[in-house]
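The following pair of complexes shares a single chain, subunit A, combined with subunit B in the former and subunit C in the latter.
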Partner chain A sequence: MTKEERQVERAAMREEKRIVRHANRKHRNAIAFTLFLAPATIAFLVFVVWPVMYNIYLSFLEWNMVSPDKEFVGFANYLKIFTDAPFLQSLRNSGVYILILLISCMIFPYFISFAMVHLVNKGQQVYRSILFFPSLVSLAVCAVVMSFVFNFMTGPVNALLKSVGIRGPNWLNTGGYILFVIGMVATWKIFGYNLIIFLAAILEVPVELIEAAKLEKASKFKIFWRIIFPLTSSTAFYVFVITFSHALSYVFTPISVITAGGPNYKSTNVVYQIYEYAFKNFQSGRAAAAAIFTLILVMFVVVLYQALEKKVHYEN
Partner chain B sequence: MKINARTIKRGGGQIFWHLIIILTVCIFLYPLLYMFFSSFKELKDIFTAGVRLLPKKWIDTNYSSVFNKLDVPRLLFNSLVIAGLTMTVKMLTSILAAYGLVFIPNRHSSKIFYFFVVTMFVPFSVIMLPNYLTLTKLNLINTLIGVVLPQLADATAIFRIRQAMRCVPISLIEAARLDKVPHMTCLRKIVLPLVRPAVVSMAIFLFVNSWNEYFWPLLILRSNELQTITLATKYFSGTEGSTGWGNVMALASISIALPLILYLFAQRTIISTFMSSGIKE
Partner chain C sequence: MSGENDIVFEHVYKSYDGKNNVIADLNLTIPSGQRMILLGPSGCGKSTILRMIAGLEKISGGDLYMGGKRVNDVDPGDRNVAMVFQNYALYPHMTVKRNIQFGMEIAKVPKAERDKQTDWALDILNLSEYKNRLPRQLSGGQRQRVALCRALVKKAPYFLLDEPLSNLDAQLRTAARAELVRIHEVYQPTFIYVTHDQIEAMTVGQRIVILDKSIIQQQGTPDEIYNQPANVFVAKFIGSPCMNICKANVENGKLIVGDEAAPIPEAWQKIVGDRKVVRFGIRPEHIEFLPDDGDFSIKVTYTENHGNLLCVAFTVGENNLMATLDPFYVLQDNLKLKIKWDKIHFFDDETELNLGYPER
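Take a look at the complex of A and B:
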């Protein structure tokens, strides 16, 4: 063998070794990756993915959750819920809850966080620590306390109204007012969390832009609308999505603690209605069909969010 | 003169906005204070107090009567077990998953992360019934484990911890890996110390969330000796206008004491973890 040949051969061997080592490392990394992700993934497969699939299956069956025979009924459950008066009422109420929470937990904290960052120069830390705390209090406790605060005979809200000459309504037993009270319970829980998210986004807007606008005596509203909003709109979309999905699920506990859906389905919402179908009437088919409806609704909003997000991304 | 007028005007605006924010703070704080002070009021005092917060006469009989009617230490113990277990297991799986997603190169990383994020938007109403049926099959109804298990599938911690880990320079891990340091050691010795604030705040957040859980324990736990402190409010709910008001307020105050203490202890870290804007990718 000549010198060159030997060199070439050695180089080839080195290359082969390198490839083997590389493959080994890749292989070992794949094993490590699987081991690190398996525990979390298994929990999600068993308690999220499987339930969603099983729910779809259940929605096509007539079943009372106990008996061994299940009957395939096609889309009958879907037809039934959309002709069921309480369910239709729960849909209307859900719409109202979503509207209330979009105002109180998206628009309101948006302005408050703007004020905290750019309209006052002190106290931001204290304000935000206090405002965040309610989101760590349980919805059940909050619901009980609010039912006292809004009690129409002895609660402070009506006492306050009385002192300015208004006769307060029977909040907890009147359709409409009860939606407001339950909306406020959920607001109490969600507001602080959303506020923090808005604060983070607004703090990232370059201060120079705001200072320049202030020097040119732009109105506060204009600063918000022309500078803050365009630069934080992706956060606003995100808050919209989480508020929308919270507006469906976070009113469940207050409904079940304060009213159990009453009076006469005036305060029920879709999620509470699903609970009634499943665990009070044992109509798993209807519960599953209604649940799939909420899934489609939320996924629609998520997909919409991503489309908007992409659009904003390209425009910038 | 001109400057003076301007500063005064500006100061006036400031005060106006401070007032708006303080009003908001008061509205959000009021129910908590109402709860706390009512728990020390006589029943008559609660009924006639109106907007006034402070009791006319401070009494502690509401607390003693709650302790008489309910086995409070037992309720607290059950809550502690459920929340502690949920938090510990969830933190372990989340830290592992976040490390895997950030530091172990794999072509499926982003897909798997996306999968976790999507699960955050699956409404609770969809998984409620099937999970109940699963637990029935596993014979876990009316057990503490049955309350813990479904709570493990929650991506919040994976999301936040991954966010914090992405700020750790990947070259640190690559260098350690070249020296044949195992991933577990990298995680324990290099990554965890650097992401400690996020880990601590997520641990508290998960603990408190599980402590506050109402619906799932209500559905799963049947026997009296397994009830949690948050569930106990149901013993008094629907007592509107009856005699239990002071008691409910005392019980509610007991049940939020621990979350409040944990929050006071770590509020700075918790808030900064949630503010390290996780939403932008």
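Take a look at the complex of A and C:
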């Protein structure tokens, strides 16, 4: 073996060692990564993935949650919920709740926060505190208070209406009106939080941009529509998403406290209806089917979100 | 010298809290069609003056006239000013073209005209190929030029610039200065240009107003400001390295620093008068050293070679001075400072005002 050949061989051996070392390190890294990911992954698997899977499984069964007998019924539960008037009513009501909350907890706070930043000169802090304060009160407490406020006989709302000669409706016992009352309870909770988010976003828009627009004689509305809105659209998008999900879940407490879904299912929503199927009627199959259907609906909306998101302006 | 688009401040006050004046009793005329520079250290109130002209700051007292009309309560949108902001204030969600057209869209200018104006402005600043880019896809220099385009298409008689070059690097700045002068030549608006950079002031300005602590220290052409500074502040503020100011006693027609004396020429004696103490100023580039034959002994403390010049720090008596010399200058041991009497400035020791110059 010449000297050169020996050199080449030694280099090859070194290279081989290097590759092995590298592979070992990679292996060690893989273990480290797994360990780091494990806590979150395990929690996710146990508390999200498994319940969803189990839920799908349940939706194909007829079972009362206690009996040892579980009967496989195929898609019967799905067919049943779509012919069940209360469930269809709850879907319609859910749509109305979403609409009410998008108006009261997204559009209103958007304009109000713009007004607070660019139209009001003094007392911003005071307004901010006053408007945020209601968010701190628990939903259940608020629901009880609202049931007094809107009481047909003794509530201040009807007393006020009476003083101007209007006979107030039976808010808590009339379809339509009750949706409004429960919507207001959820608004009470969500409004202040969304307002703060919008305020932060609008304050983030550099003041020079507004000044530049003012020099061009842009009206307040134009400033909002052409500058503030596009630049805060990512926040608006976020608020839209959380308001949508709150509109499904936050009305549960007031429904439960004030009406229990009544009168005649006029105030129930899908989440409350699922609860009623499962824990009042012990129809776990139907509840699971309704939950899966709701999940599919929400997923559909998420796809819509993603299409929308492409039009949103993100900084950088 | 009054033109139709003069801006006149008459006893203008500005206070944010109602107690402390940011601007006090400002009297200033900005002549029509000129490049006027507001120069001063940060916090001197120069930006406030600019923003008062734009209408973005309310005036607390006094009167502001633009084109002969009192504008104290006129909305920014009605003042017909174009403004370039320090951070350019480009709308980040709009393309270059939309940014430039925004004002015209608000003013409901027909589309054909808008496009024509936009192309014209983009062409002047060589930005045509970037028309459809977003601001974040542009470099700092390009953004700055887009901001200029946006101001340019407005063809407003007043063109306000708030430290427009401060976010650019040194090389771009030099190019941008020339660009600004060129833009001014396009239709000769009244330029009001705020800066704290004396080089920008000297190169872009036709007139300079120097402010310090909300008070106008001097106004004049760049030449006047440089060669006849009104007081010690201006003398030290303009020029780099700054002017050397030395304290000296005057006795029997002699200027005394430490224990050395130099005879004051007759023309200067009249100006110094019967003052016992004066301050005299010499710019670093006007300092001359002579072996043995000079007026005052020096002690060199350190030297710095900048390549194109040699900076020499030295002391005369108690005073620290700086000289800029030819880079190949050889510092000998027995050098003395020679006063060049035609390049010297005298200031009163108490008021710090310039005492004037002999007739030349």
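Operating definition for what follows: the second predicted complex is superposed on the first by the 260 of 316 C-alpha atoms of A that agree within 3 Å, B and C clash if a C-alpha of one lies under 4 Å from a C-alpha of the other, contacts with A are read in each partner's own complex, and residues count from 1 in each chain.
By definition in this document, contacts are C-beta pairs under 8 Å (C-beta built on N, C-alpha and C of every residue); 3 or more make two chains touch, one makes a residue touch a chain.
Computed from a prediction, not measured in an experiment: that's the story for all the values here.
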- Item | Which superposed partner A:Glu208 touches (first subunit B, second subunit C, both, neither) | second
- Message: Touch test for A:Tyr193: subunit B only (first), subunit C only (second), both, or neither?
- Response: first
- Task: Could you say whether A:Leu308 touches subunit B, subunit C, both of them, or neither, answering first, second, both or neither?
- Result: neither
- Mind working out whether A:Lys217 is in touch with subunit B, subunit C, both or neither, as first, second, both or neither? second
- Query: After lining up the shared chain so the two structures overlap, which partner does A:Phe252 touch, if you call subunit B first and subunit C second: first, second, both or neither?
  - Reply: first
- Message: Which partner chains sit in contact with A:Pro230 here, subunit B, subunit C, both or neither? Use first/second/both/neither.
- Response: second
- Report the partner of subunit A that touches more of its residues: subunit B or subunit C. B
- Can you pull the subunit A residues that subunit B and subunit C both touch? none
- Query: Once bound in the complex, which stretches of subunit C touch subunit A?
  - Reply: 54-56, 75-79, 81-83, 85-87, 89, 91-93, 102-103, 106-107, 136, 150, 154
- Item | Interfacial residue positions of subunit A with respect to subunit B in the complex | 29-30, 32-33, 36-37, 39-41, 43-44, 46-52, 54-55, 58, 65, 112, 115-116, 119-123, 127-134, 136-142, 144-149, 151, 153-154, 156, 159-160, 163, 172, 188, 191-193, 196-197, 199-201, 203-204, 234-235, 238, 241, 245, 248-249, 252-253, 256-258, 270-271, 274-275, 278-279, 284, 287-288, 290-292, 294-295, 298-299, 302
- Message: If we count contacts the way the header does, which residues on subunit A are in touch with subunit C in the complex?
- Response: 206, 208-209, 211-218, 222, 226-227, 230-231, 313, 315-316
- Contacting residues of subunit B [partner subunit A, same complex]: 13-14, 17-18, 20-21, 24-25, 28-32, 34-35, 38, 46-51, 92-94, 96-97, 99-101, 104-106, 108-109, 112, 115-116, 118-119, 121-134, 149-150, 152-153, 155, 158, 183, 205, 208, 211-215, 218-219, 230-231, 233-234, 236-237, 240-241, 245, 248-249, 252, 255-256, 259-260, 263, 267-268, 270-271, 274-277, 279-280
